[in-house]
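What follows is subunit A paired twice: with subunit B in the first complex and subunit C in the second.
Moving on, here comes the complex of A and B:
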């Protein structure tokens, strides 16, 4: 496989062609936060938390889905990158239901964890929030889409790992939503003995029945800034 | 690695076929019933949620029966800057329904849509496949009267 020479944060590196910027960074212990990306899934590119600066590129690029190229010069933590990343998290938090104190997953939530690392503080934006009823008809899974950030991991995980196609994305813009069939509350037999999507959800949107309390045991995540 | 290109391409192929078939069904029946969507999902080996997702993404597909005439007013920014809000309100008053609704007599359905490509002649709307441009509140009642 062809070797590609590139620079990340002033370090000269070499990696195989076809790798993404994020993969190369990881291999070299450079930490780029990612929310929709998971190693086990093909890149989704929905959340924009993983953006980095590539010299001579007009815009920031998503590192989780951008393949490396010969001579690329990349900055993963420049001022511009950090500012954009922070704003992205703020926007996610702003339209998210926001009441982390009431959430059983508060201390193991990846969204909150990234918000903590980036010190985003209280969201500056007052935007419309999405509220949906909790779906608990299925004995195997509870969905609370008010907490969903539309990262699409559950869609991909069910598809690529479980090899089922329970979820799809419907509507558009602000109304976008992860739906089951004709936008019905989730209640599928294939979910028996499967927590694949639950284990991939970065927020408290997907959980099992009766988990209450169990997961509040993590270290408290306090968002300063 | 490299699965990026492969898989996205596969999806596009399925979805292109789906778009064509949804368009045909929409033209034939005037809307996309659950029955039609289930049939399409089966014949294209897709999930119902994916078919429903595409059907609800495009504003020119409807998943509910529509009135005889479909009014679509553009809600994108150029039309907005040319006061599309007033046009929307005028139509609401004339036919007595809000966007997303159908008149009880089945004469009109009314929707807001994204840019219809005539921004230089904003504000604009469509009734069925006919485009109306440079709208003012005065023009509306006349245009509506021409539809039975």
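Moving on, here comes the complex of A and C:
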């Protein structure tokens, strides 16, 4: 395999041709955040959180899908890059429902964790929030697309790992949506005992039905003045 | 500089339904010349020598694109003519297709021979359905005349999405998928339609090819400026007395086109290049029309003193938000944020902080969007803040 010489953050590195910038960075313990990319799936290129600066390129490039090239000079954490990543997360949060305090996945949500890393607080942009009714017709999966950030990992996971092609994208622009068939609430038999998409969803948009206990869990905490 | 007809040389002269009228004007002689003893490399060298650059907006060197595809050692390759013409204010490709489909067919056949492709597609804008019969008739007549023995041309109609004019979304659309942008690399000349090497060129770019082969690349390179060779066809609309299609040698002044030919008066600003094109104030009207200064796909929209800059920018942004494919975060969310802010300004509102938010989102979109739509969508906004900032500031003050 041909070896490629490149520079990342002033470090001279060598890697095999065909690798992406993100893969090389990871191999060298350089941490680039990624939201739509997952090692098990082919790159999607949608979220743009993983962008890096490549010298002589006018725009930033997506590190998860851009192959390395001989002599590339890359900056993964320049001021320009960090500013764009922050804006990206802030944009995602601006239209997000923001009900983190009652989200089951709050503690494992990748959007929140990246927002924390990049020190993004309350979004300053005023924009309409996405709202969709919760889809809970299926006994195997609950979809709450109000929380969806359109990373498309569920689509790829279903296509590539399960090869079921349950999901597709419909509508355009801000109204884009991950849909099943002609935008029906999900209720597919193939989803029985699968969970693949659920495990790939970075947010609380996909989950299993919660187990509701029969016992009383305790008194609600009442704060008296 | 002046008007010169290279691309439009047959428009209005030949009968688009009769190939014989085209043959009388040296039709298919360039193709014959190419097929008779000229090698594929020689054709590509001639195109490179001509300095022809893409007329679809980006201005990529045509010869270089062909060379990349030509070099690929694969049996199956494709030529695509981009006739999606979705840009606001462009109607030049339609004008050309309506009047001279034969030159386009000849050009595609030459392209096919040059890169080693046996099949080509014309991707026709959905709204141009009315041209389908005319194009089919022209292809049929060219086949009967034996001009398409080694190259087949098919027409694919779009479904009404602006984004399908973008090359990668266009290819997805031809493949029968949802028209959505692919990340690059790989670029189409290495992996394009159905994963095969593909060249994709705008109608007008291709229209130049037969003339270049016929007269030589050197002849073509004599016209225009240092980095912009040949002519450009412009679609002029808006507050002008004579809207229409004009072909000018590259490097001509914007004033010559807007005031000289289209007879505009009391011009306040001009948008050059369509929805994502730059908006420049009247003071800059002496700019040369060329890739090194200002050009785009050749849409020239003129606004007179009665027009409000914020209104214009707001409506353009609404269009772009509507046409965004929705794949990448900056464009999908950013256009929506901009629409909301601009809508507030257009209603007479707007806050001090809105201007810096617009600038921040604009910069992120331009730097990180996946395709040209998101990367260029903020340009009108940025220009309006550059040249007409006081209009925004007045609104904020009055608010």
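Assume the second predicted complex is superposed on the first by the 210 of 225 C-alpha atoms of A that agree within 3 Å, B and C clash if a C-alpha of one lies under 4 Å from a C-alpha of the other, contacts with A are read in each partner's own complex, and residues count from 1 in each chain.
Everything that follows uses one rule, which is that contacts are C-beta pairs under 8 Å (C-beta built on N, C-alpha and C of every residue); 3 or more make two chains touch, one makes a residue touch a chain.
Because the structure is predicted, anything quoted here is derived from the model rather than measured.
J.: With the two structures overlaid on subunit A, would subunit B and subunit C clash, or do they fit side by side?
T.: Superposition result for subunit B and subunit C: clash.
J.: Could you say whether A:166 touches subunit B, subunit C, both of them, or neither, answering first, second, both or neither?
T.: first
J.: Pick one for A:179: touches subunit B only (first), subunit C only (second), both, or neither.
T.: Touch partner of A:179: subunit B, not subunit C.
J.: Which holds for A:150: it touches subunit B only (first), subunit C only (second), both, or neither?
T.: second
J.: Applying the document's definition of touch, where does A:67 land relative to subunit B and subunit C: first, second, both, or neither?
T.: both
J.: Kindly classify A:29 by the partners it touches after superposition: subunit B alone (first), subunit C alone (second), both, or neither?
T.: Neither: A:29 stays clear of subunit B and subunit C.
J.: For A:84, is the partner it touches subunit B (first), subunit C (second), both, or none of the two (neither)?
T.: Once the two structures are laid over each other on A, A:84 reaches subunit C alone.
J.: According to the stated criteria, A:39 is in contact with first (subunit B), second (subunit C), both, or neither; which is it?
T.: A:39 contacts neither subunit B nor subunit C.
J.: First (subunit B), second (subunit C), both or neither: which does A:12 touch?
T.: In the superposition, A:12 touches no partner, neither subunit B nor subunit C.
J.: When the two structures are laid over each other on chain A, which of subunit B and subunit C touches more residues of subunit A?
T.: Per-residue touch count on subunit A favours C.
J.: In the superposed arrangement, what residues of subunit A touch both subunit B and subunit C?
T.: The overlap between the subunit B and subunit C interfaces on subunit A comprises residues 43, 65, 67, 168-169, 171-172.
J.: With touch defined as at the start, can you tell me which subunit B residues reach subunit A in the complex?
T.: 1-4, 7, 34, 37, 46-53, 56-57
J.: Give the list of subunit A residues in touch with subunit C in this complex.
T.: Residues 43, 45-49, 51, 59-60, 62, 65-67, 80, 83-84, 87-88, 91-92, 94-95, 124-128, 150, 168-169, 171-176.
J.: For subunit C, which residues count as touching subunit A in their complex?
T.: Contact set of subunit C toward subunit A: 161, 163, 178, 180, 182-183, 185, 321-330, 332-337, 340-341, 353, 357, 360-361, 363-364, 366-370, 375.
J.: Sort out for me which residues of subunit A touch subunit B in the complex.
T.: Those in contact with subunit B are residues 16, 18-20, 23, 42-43, 65, 67, 165-172, 179-183.
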